[in-house]
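Each chain gets a letter, A, B and C, in the order it is written, and its residues are counted from 1.
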Amino acid sequence: MTEKGQILNRIRLALKTNAPRPGHPAPAQVKNPGGSHHPPSPGEPRNWLPKVGESVEEHRTLFARNAAELKADFHWLDSLEDARKLLNDMASREVWQKVATHAGECTSPLCSTLPCKVLTLSPGYDRNELESCNAGISECDFLVAQTGTVALTNQSAGGRALSVLPPHHIVLARKHQLLADLPAAFAGLRQKYGDNFPTMISLITGPSRTGDIERILVLGAHGPKKLTILAF
Amino acid sequence: MSFASEFRNRARVVASNLRHRQIIRTALGNYETARDRRKATYQDWQGARQLAAETKWEAINHLDHYLLDFSTRLEARGTKVHWASNASQAREIILAIVQEKQARSVIKSKAMTAEEIHLNEALEKAGLKVVESDLGELIVQLRRETPYHIVFPSMHLTREEISALFEKELGSAPTLDPEELTMIARRVLRGKYLTADIGITGGNFAVAETGMVSITENEGNARLTAALPKTMITLLGIEKIIPRLDDLALFLPMLATMGAGQALTGYNTLYGGPRQPGELDGPEEWHVVLLDNHRTELLADGEQRDALHCIRCGACLNVCPIFRNVGGHTYGTTYSGPIGSVITPHLRGLQDWKHLSGASSLCGACTETCPVKIDLHHHLLQNRRNAAQERPDNLEEAAFGVFGWLTRRPAAWKTVRFILQKIQPLTRQFQKKPWHPAKPWTQTRDLPVIPSESFRDWWKNRPKTSKHD
Amino acid sequence: MDALYPRAAISMVEILERLGHRVLCPDALVCCGQPAFNSGYWDQARAVAQPVLESLQDAEAIVIGSGSCGAMLKIFYPQLFDKTPQKEMACGVAARTWEFSSFLVDKLGVTDLGAAFPHRVTFHDGCHGLRELGLKQPPRTLLRSVQGLELLEMKEAETCCGFGGAFSAKFPMISSAMGDVKCHSALETGAEYMVSNDSSCLMHLQGLLSRQGKSLKTMHLAEVLNCVKKN
C-alpha cells in the first residue's frame, strides 16, 4: 500500500474512537462520513470579530486608523488625476530612478506619465532588474477596513514578487474596492474568481516588519519598508 | 543521561538566572499589553474561541476526508503531493527532489515542522547550503541553536549578543540599533533569494475546500521564498487542515492576536499551485509534503485529540510560568511550553518525555489562553496517569499506598503528626543542610511550623455548648 | 489544614456557626486524594478519596477552605470515579461542594461578616480556585467589606505561585523561581499580609518569605474574616 493509503488508514482507525466536542462533556457520537462532507461553518465569524460599522465613511475612517497604526500611508483621493499628481510628487521627492509595475487599468495610465523609467513586468521578466527598482506599483483586489489590509493576487497585482521585492510598494485601488471585513474579502474573492483562483492570494497588512530583536518593531525586514495605498 | 535529567539540570541553571528571567519578562510584557488590547477589540473573544475550537474539531475529526479533498485539489493544478509517515520518509522525499533538481542552495522560511524532522542537518549533510530567511531563525541558525520559541525564535538574545554574532558570522560592523541589525540581515539575504535553487516553507493552514496552503509571516521572507526559486517545497503536518476558505476570516485574526498581539499578521498568503500558464512568475514546480510522524497516534487518543487543534500561536508558552522560568531550550524538544509538554510524549515516547508533564504546577493559564480551547493542563494530568499506569515508579506508588493507609487510620495519622510536631523544632537548625531529608523543600524554603494543637484536637476538646447540637 | 493550619479551619467553623449553620467534621476527612491523583496514581487516589466520598454523602453542603481541594471534589472526583460504582455519589458530592468564599458569597449571599482587620492586604489567587472553579471575585468581595482593610492588587495577580503539590518537591528550583516572582509582586504592593484561600500556596510562599527574612506575612482568608470587631 502507498504511504498515502497507510496514513489515511491510520487516520480512519484512529477516528473510530470519538473525541468530545469542544464545550460538550461527553464524546460526540459522530459518524466519520465518507463521500462529500462540506457542512456549513458552525458559526459566523462576523458575530465575534471586531466591529467595523456600516457606512463607507466608517470603513474609510477605520482603514485610515489601522493604516496609521501599521505605519502605512493611506490616501483617499478624489480622482485618478489626484493620484497621478501624488504619484509624480512622490517620484521626485524620493528620486526614483526606476519603478516596476504591471499592465492594468489603473497602473497603465498612471505609470505612463511618471518622470522615471518604468519596468512593466511581462512573463520571463528579469528578477534582478525588478530587485533594482525603487518601487513596485500594483493594483489590488480589495482593501479591508477591519484590519487595514490590502488583499491582492498574483493576477491582480503583477505576479508574486512585484509587491514584495522592491523597497516601496504602492497600491492603487478604486474606492469601491474598500470592504468592511475579512469575511467580505473572502466572499469578494470567490465572486471575482469563481473556481479559478489565482495561485497566490496575499493579505498584506502594513509594510514588512519584524520584532525578532528584543521584540522591537523594525520595518522592512525583507519586504517593502514602505507601503503606500492610494484609493481614488 | 536521560532526557529527564538533562531537563532537570538545564532547568536548575536557567531558573536561577535572573538575567534570563528579566529578558523574558520584558519581551513578554510588551506582548501581553498588545495581546490584551487586541483581544478587547473583539465583540466576543470567548465566542470566537468556541467557534475556532468547533471548526478545528470538525476538521480533525474528519481528517481523512479533508486531507483527500485538499490533496486532490492541489494535484488538479499541478502540485505534487507527497505523503510521509515519519521524519525519515519526509527527509528522503525532500532530498530526492533537491537531488533531482541538482540544487546547490536552499532558502527556507520558518517552519517548525522542518525543525521537527531535522531537515537542515539532512540537507547540509547532502552538501547543500541552507539559509534561514526569517530574521529570528537566521540568528539561531548562525548560533547553531534551535529556536527558543515557536513564534519568537531569538527572544532570549539581546541586541549586544546579536551584534557580536553578526560581526563574527557575517563580518558586519558592530551596532546596537535593531534597525541596523535588521538591515544587515536584509542585505545578506537579498542575494540568497535571487540565487537559491529551492525554496522551502512550512504552512499555517491547509484549506481543504480550495486546496490552498496559507502561510502567515511578518517579514515577507516567505513571500519571497515562494516567489523566486524555481522549485518550491512546502512541509505540512497533517493536522493543519481547516475545512473552508472562509474559516480563515476567523483563524487569521485569532492567530495574529494570540501570536503577537496584532490585528492581522503582516502577510497572510494563500498558495494554490505552481506557476500556471499566463502567470507572470512563481515556481515551476511545487511539492507539498504531508507529514504524519506520530500525529495519527495522538489522533487515536480521543481524550487528547484536541491537541491536534493547535495553530502554533505560542500563546500558551507566553503565559506559562514554567516556560518563563526555564526558557525554551531547557525542554530539549521542537515544541516547548505547555503544548510541547502535552504532545512530545505522543510524538517521541511517553516514558522518555513524561517528565515534561510532571514539570507543571497545573495552574491552567495555558488552557485559559488557548485560542482553540485545547484542554492543555488536564492533558498533562492524563499523561501523568498514563505514564504511571504503564510503568509505575515503585517508590512513588508505595509512598502513596502508605499515605492512603494512614489516611484511613485516624489514630496512626495522629501519631505521625505528633511525632513530626515533636521532632520538627529539633530539625529546624539543620534546615539548610544538604542531608536534610526534606532537602528539595528546605533548600530554598522554611518548613511550616506544626502547631501543638491540630484542628481535630480543637474540634474534640472544645466545650460542647458551643456546638449547635 | 488540620495539622498545619488549624487556625484557618477553626475560623471557618466559627464563622459558619455564627451564621447559624451546623458544622460536622467526620473523622474520615483527612485528605481528598489530590497528591496521588495529580501524580497519576489514580488507584491510590481512589483509595484515599473513597472514605471521604462515603462520609460526605449525607451532607447538605460541603464547604472547603482550599480552592485546590475544592476543585478536587468538585471537578476531579467525577473523573476519578468515572466508570466505577461510585460515579453517581461522586457527581452528587461534586454538586454540593463549595469553596469557602464562594459558599458565603454565592450560596449564602453573605458579603460582610463584621470583621475588622486594619492592615494592607494583597490577595493571592490559588490557581485551582481561580481557574478550575472560576472564583476571582468572592474572596475579594469578602475582603472589601472587612473594616480597615486596604486591598492592594499585585501585578501579574493571576500568575501561579509555583507550589503545584508534588511539583514543588520534584522541581524545587522551578517552583522556587516562580515563588520568587510571586513574592516580588506581593512585596511591590507594600502590603503587610498576603492572604489566600489556599493554604498550600501560603505554605510555599511563607517558606520562601521566611527564608529570605521578609516581613510580609501570609494568612488564610478565613482567619482574616474571623477577626471580629470588638464591640
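Following the convention adopted for this analysis, a contact is a pair of C-beta atoms (placed from the backbone, for glycine too) under 8 Å apart; a residue touches a chain by one contact, two chains touch by 3 or more.
Because the structure is predicted, anything quoted here is derived from the model rather than measured.
K.L.:
Going only between touching chains, how few steps reach chain C from chain A?
P.N.:
The least step count works out to 2.
K.L.:
Could you compare the number of C-beta pairs in contact for A-B with that for B-C and name the larger?
P.N.:
A-B is joined by more C-beta pairs in contact.
K.L.:
When the mean CA coordinate of each chain is compared with the mean CA coordinate of the whole protein, which chain is closest?
P.N.:
Chain B is the most central one.
K.L.:
Provide the C-alpha centroid distance between chain A and chain C, rounded to the nearest whole angstrom.
P.N.:
Averaging C-alpha atoms per chain gives centres 51 Å apart.
K.L.:
Using mean CA coordinates as chain centres, what's the gap between chain A and chain B in Å?
P.N.:
Each chain's C-alpha centroid was found; their separation is 28 Å.
K.L.:
Using CA atom averages as chain centres, what separation in Å is found between chain B and chain C?
P.N.:
32
K.L.:
Quick check: in the complex, which residue numbers of chain B touch chain A?
P.N.:
26-27, 30-31, 41-45, 47-48, 50-51, 53-55, 57-58, 60-65, 67-68, 71, 77, 82-85, 89, 133-136, 139, 152-155, 157-159, 162, 178-179, 181-183, 185-186, 189-190, 193-194, 209-210, 212, 218-221, 223-224, 226-228, 238, 243-250, 252-253, 260, 262-276, 278-282, 290, 292, 296-297, 299-303, 305-306, 373
K.L.:
Spell out the residues on chain B that touch chain C in their complex, using ranges where they run on.
P.N.:
Its residues touching chain C are 8, 11-12, 15-16, 21, 321-322, 325-326, 358-365, 367-368, 381, 384-389, 392, 396-397, 400-401, 403-404, 406-408, 410, 413, 417, 421, 440-441, 443-448, 450-451, 453-459, 466-469.
K.L.:
Per the contact definition, I'd like the list of chain A residues that touch chain B in the complex.
P.N.:
Its residues touching chain B are 2-4, 6-8, 10-15, 17-23, 27, 30, 32-34, 37-39, 41-43, 45-51, 66, 102, 121-123, 125, 127-128, 131, 146-149, 154-155, 158-165, 181-183, 185-187, 189-190, 197-216, 218, 220-224.
K.L.:
Quick one: in the complex, what on chain C touches chain B?
P.N.:
Listed in rising order, the residues of chain C that touch chain B are 1-7, 9-10, 13, 17, 20-23, 25, 27-28, 30-31, 33, 35-42, 44-45, 47-48, 51, 127-128, 131-132, 158-160, 162-179, 181, 203-204, 206-208, 210-211.
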